[in-house]
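Naming follows writing order (A, B, C and D), and every chain is counted from residue 1.
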Amino acid sequence: MPIEHSSSESSIVFDVARFELVRLQTEGLCKPLSTEDYVVQSMPEVSPTKWHLAHTSWFFETFILKPHKRCYKEFDPHFSYLFNSYYNAIGDRHCRQNRGLLSRPTVQEIYAYRAYVDEQLLSMLICGDIPSSGEVALLLEIGLHHEQQHQELMLTDIKHVFWVNPLRPAYVERAACEAATGGASRWIAVDGGVREIGHNGIGFAFDNESPRHQEYVAPLEIASRLVTNGQFKEFIQDGGYLKPEYWLSLGWATVQTEQWNAPLYWFELGGEWFNHTLSGVQPILDDEPVCHVSFFEADAFARWAGVRLPTESEWEIASESVDPTQGVFAESGIFHPGPAAERPGLQQMFGEVWQWTSSAYSPYPGYHPGKGALGEYNGKFMCNQYVLRGGSVATPRTHIRRTYRNFFPPATRWQFSGIRLARNL
Amino acid sequence: MPIEHSSSESSIVFDVARFELVRLQTEGLCKPLSTEDYVVQSMPEVSPTKWHLAHTSWFFETFILKPHKRCYKEFDPHFSYLFNSYYNAIGDRHCRQNRGLLSRPTVQEIYAYRAYVDEQLLSMLICGDIPSSGEVALLLEIGLHHEQQHQELMLTDIKHVFWVNPLRPAYVERAACEAATGGASRWIAVDGGVREIGHNGIGFAFDNESPRHQEYVAPLEIASRLVTNGQFKEFIQDGGYLKPEYWLSLGWATVQTEQWNAPLYWFELGGEWFNHTLSGVQPILDDEPVCHVSFFEADAFARWAGVRLPTESEWEIASESVDPTQGVFAESGIFHPGPAAERPGLQQMFGEVWQWTSSAYSPYPGYHPGKGALGEYNGKFMCNQYVLRGGSVATPRTHIRRTYRNFFPPATRWQFSGIRLARNL
Amino acid sequence: MPIEHSSSESSIVFDVARFELVRLQTEGLCKPLSTEDYVVQSMPEVSPTKWHLAHTSWFFETFILKPHKRCYKEFDPHFSYLFNSYYNAIGDRHCRQNRGLLSRPTVQEIYAYRAYVDEQLLSMLICGDIPSSGEVALLLEIGLHHEQQHQELMLTDIKHVFWVNPLRPAYVERAACEAATGGASRWIAVDGGVREIGHNGIGFAFDNESPRHQEYVAPLEIASRLVTNGQFKEFIQDGGYLKPEYWLSLGWATVQTEQWNAPLYWFELGGEWFNHTLSGVQPILDDEPVCHVSFFEADAFARWAGVRLPTESEWEIASESVDPTQGVFAESGIFHPGPAAERPGLQQMFGEVWQWTSSAYSPYPGYHPGKGALGEYNGKFMCNQYVLRGGSVATPRTHIRRTYRNFFPPATRWQFSGIRLARNL
Amino acid sequence: MPIEHSSSESSIVFDVARFELVRLQTEGLCKPLSTEDYVVQSMPEVSPTKWHLAHTSWFFETFILKPHKRCYKEFDPHFSYLFNSYYNAIGDRHCRQNRGLLSRPTVQEIYAYRAYVDEQLLSMLICGDIPSSGEVALLLEIGLHHEQQHQELMLTDIKHVFWVNPLRPAYVERAACEAATGGASRWIAVDGGVREIGHNGIGFAFDNESPRHQEYVAPLEIASRLVTNGQFKEFIQDGGYLKPEYWLSLGWATVQTEQWNAPLYWFELGGEWFNHTLSGVQPILDDEPVCHVSFFEADAFARWAGVRLPTESEWEIASESVDPTQGVFAESGIFHPGPAAERPGLQQMFGEVWQWTSSAYSPYPGYHPGKGALGEYNGKFMCNQYVLRGGSVATPRTHIRRTYRNFFPPATRWQFSGIRLARNL
């Protein structure tokens, strides 16, 4: 996994404080959970919380401690099998869809595993004596970004675990939102031409954001804000889920098979729409962004609206006017998207909800995955998935970038995923 | 569920001590478990321990407290939905195969539910003032036998939960068994003729053991002891799992689909057979009874051996010479069957392992299930299942009877089920 | 497959005329078919007509010509693989559910195969010179009964093939039936006691009808005629398919999964019930026997009616007063059951529709399947099936017997299967 | 479905000769078939030959005769339901995967349907009197290209039907090929820059080839010829199907699930590779292009070879030096790809085998599907499919174009699909 910025051995600084902070944030997300909540896998795509806690530690153990720490003694030889996610180069692994069948190791044992890995890694970083310190620094950074990805998954996964439970537990209490008014969406012009797309090598990026390369993009207009629940209700009321003409063929088949009639987590009760949130059941507010829609629904909505989704290049170019650190991220503790503000210019580009693009997830021209197991991080998934951009209320603020490419299969709904529209000039 | 013995209101005595004992025994079985162990459902047929704890309490709440206790306030209105197993007459219920998806209610909440039900029931029984005390006494007895059935299931289910875990945890420590010698099996003659089969009405029985009725049984011989691991190994070595001629057609299809090559919980390691037990991985001892075989395997073994399984009537008649309270039951705390003793006469008829009979589970002539929800207890399952007799090391001693009819589909292996042979004269 | 009657070599007479007749009858059933009709397999249980034509010939080739004819040259070496149904002892075979994927051999080639087998077999029988002529005579008889079984299956299978086709073709034209009145059903007493059950060895029987043995049967009453469409409509109107209390647990699960709301081939059109028959779509006549119901539906109907199905022993004893050759069989060319006559005594015991009994299909005491491949004919299917008695409008008259045990899994509906009721005294 | 070239009403010429020719060619492809061959559907993606014959006629009936011919009387009202492929706007339709369950209409009836449609259409075209003749001319052209697509499918489908048959029938006899030597592949440079991609509006094109638009393409090199069987054997011998590092994650999962170890239709016999062709079983010749590989295999092969597949834009630009009418197409009657010639420049770009590109099938910028049912022709399938270019030995010569975009899901293998490599400069 080639990181773009070069690193000279003489100047390596391990960001120990960031390591401690990220690791603590992970455990902080578990505060509201009971022991039982850590165990359950509510569908194959969801992992139990305790698996996330262990897997992120396994990552540091496997890629840093084992190859780079002298005389490192692994915590438990079974863990390499149990907590490998998908790295074929590391060896066999426990079947993904059976993660919820493991009562052991217990939650307490997994916290002990985390503590052990932390202690071993910190002692290594602080004492120095690391032959390939530049490589380790990079691996550390990857490991922390990897852990932040799992922080987001822990939130989306526990949301689903609570959803399948008829008791509908809440993860955090939240003051009831007032119905704000987000103002109308406007069309913002985006210039075309041959443009540079992809990461410029300053700071960290995943390998799939490289190489930076040229693309011809035609001029377009992009919506100033996200599609709202209110707009999506109009789509539903207009028979959006009943008319095949709005849907891709695979999308229509999914609507039929899964009997979709609204976004995930929506349900009707006495003629009113409610949704399941991380703060329990809440009424659906019209000015909040629609969330938990699949690519199929995003695409169908756009077709119904007579416009389209942006490509990922268009989105990236449009985003150049916006500061990626501004937005509602996981650190806010709100875990639910809110209405747009009343102000000019592009809004809600970062944080709030991931935005489906019309781009199939493909390698950039000249892309090469790295050598070894970490080369499996991104490249091998470039098939039958679509790119999402911008991060969500469950994404850590320090994790997102303008060039960040998230990706999921087109029927995926349990992520915080929404819709931004675009149109041709 | 008509219980055979009549009961006059004047003489009702509630067996409060037995109630307290059985309820305590259930919780005693949970002592070795960590909180996480209570949550997991390792296959659709298995229920999480915490479900068993709640469901057995739901049984008393639903059939005694709600209909018979004045002003009873139910513990939680969701529990009727969550912890109903299969009683259509009680209403909708949570899907059986999704029991492992529920992290809530927590284990602690379920123990609180148990305590509440116990307290409410005991106050009712002790204070008296029960309009239909005869009916309540019967329901209480059914409820306790029902709870004992779930005690056995808790053991067989946790054994499976630990089996699917690569860490192979042990439920209880056990001293390593010495290889005892059980002596050869002998053929014991059983007289034929028109015989009485079924429960005689003295003491408790489930409705499926009635009515007592006449059957013509031809004289036969029955094996003095259970088939051993050593004998079953011979079957394996002789290609038992490779030759279709020994198998029922459905059995052979199951062997192919499930890739069976030994009883459940057996595995080969370095040329030796081991098995997973409630005391962890143990070598397989030749003189112990073979266990965790399906009806298909029992039937195939018998055909390979040139003999057959007994019918349930034959088994019941043969058992008349044996005391049902003698045997290794759950109270022993051993949870694993052992070798037969060297002595004349029928051995291992009760306790040790359930014995597959060749009898499809059918209603006795004149059988009528009871009125209402409890009529669903047995009768509706009389299809595509086979009868097992005798109880196992996981059965409470006070639960078994000579006329007791256990039943499972023919491919079932996770119960403590074994083989006794019979032959025609 | 031990046939009960003894046979002395000196007196062997091959029934050449019967051979020619049965083989001709098979081909006669194909007269109404177009070439395309021979090819289709509408569900896994159904076989294409051309497969039936070939398999019945394969039977004679495999069990008589190959082992018993000197210098026999097989027609096509592939056919042993293609047209073996389920005989493991004969070798590998083409997968049952893929029979409809074979366009070749063509229909014409299969008729050539039939002609070849006929010619070879007739020349062998007529010229004599058969070392083990007694065995061959038995095999010939089995082969013809086997062929007659497939004659019935050809009819039930083509009925299903035409059913899945929206054009709803008819197999034969039939004059529209007038609505006859069959008169009420009466209860006929049947004596109990220790009775002889099974085939007495006079004439041909399959091995599963043996040995003749004693059974104790309690006295009962049996319905004088079959349950009618009119009675079954009452069951439907009373919510029969909506109330779990009438159903076995597996039956209720099947109703839910398959969304059954009437017998197979019934459909409602403008408030009227119609059914698909071998003569195309016809209105449902109230006095005709209900047909194409599963064991589950037969059992549920009986429970709804407050009575029960007879056991197979009870049915056999009751049938002793009736002549098995009287009834509407395949030779009538009607292929649809009709109303009972107005007369005293048991009616509709033979022909019309197969009658589900409450008996799981089990071996008779002392049963032994024959040696070799033909031992697979019956015994290995004795699991999770139920016995039907009496034959149907699709059964050849010379094929049925009082002791004949037909068997199908309890959810089976595409056979001509109906209901006769019984009750305890 | 907007066809790019404008058409003025005054100058409409119906190409009656082409209509007659294409329709005849379709029937000509059926010459080698027996009636039974027309009926079978060997997997859900395959359609029976008689379905293709009917569906292509349904296309003309539905889109031309019904809306445009005065007083047109449809041939059979059931056919609209039976022979609609996927047009939701036309109404309900028979389930695709059940096309092989229909014995009726017979082959003869379908030929009568074809004759009727031909006669009706020709009388309409020749007599004139067509209000919207420009639209009809376009529809006619689309209908003929549609029919040519089905000509190719008829060949690939019957190849599969014969493959699943253990008799391995041949479709046409063919002289055994001599092992020719195709010479080495060379790298041909392709210039980059902002280029025009898509159809230029001269002559017919499908809507997915439009609009012509600008794309930036980096300079590259493309292989002068197709990957050969010999090269693919090296991949196999090097463990290509055993090493996950060459595969996309979904591809590797498919290899495991489907147990792929070679291209479709390959099998090993006595240490030699053979393949099933439309001329029966043939030895695999090293210099022939590898065929019947999925996108997953093409992509894995390229990764193993250290290079990559071209994008569809790269392929299109590279093809500009080649004449699309030169190549081995369906008209040759060979139906099997052959070795490349020894000559400079790009070879085998058209005909031989479809070439997988690395491009997910997406809409071109500014793409709009047409109005009405024909708008469903292409656009709704733009998800989870990959683009193939160039045509094959089963493609009619007059059907292919430089800008033609064929598309299939990445696991598809039953088309004549192969591999051309590319690499970055």
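Assume a residue touches a chain if its C-beta (ideal position, glycine included) is under 8 Å from a C-beta of that chain, and two chains touch if they have at least 3 such contacts.
This one's a predicted model, so the numbers in the text were calculated from it and none came from an experiment.
Of all chains, C has its CA centroid at the greatest distance from the CA centroid of chain A. Remark: chain A and chain D have CA centroids separated by 38 Å (rounded to whole angstrom).
With centres set at the average Cα position, the gap from chain C to chain D is 47 Å. For the pair chain A and chain C, the distance between mean C-alpha positions equals 60 Å. Counting only residues that touch two or more partner chains, chain C has none.
Taken as a contact graph, with one node per protein chain and an edge wherever two chains touch, the assembly forms a single closed ring in which every chain touches exactly two others. Only residues 86, 88-89, 194, 213-216, 218, 244-245, 247-252, 358-360, 362-363, 365-366, 380-384, 410, 424 of chain C touch chain B when the two sit together in their complex.
Those residues of chain C lying in contact with chain D across their complex are 34-42, 50, 78, 81-82, 94, 98, 100-107, 161, 164-167, 169.
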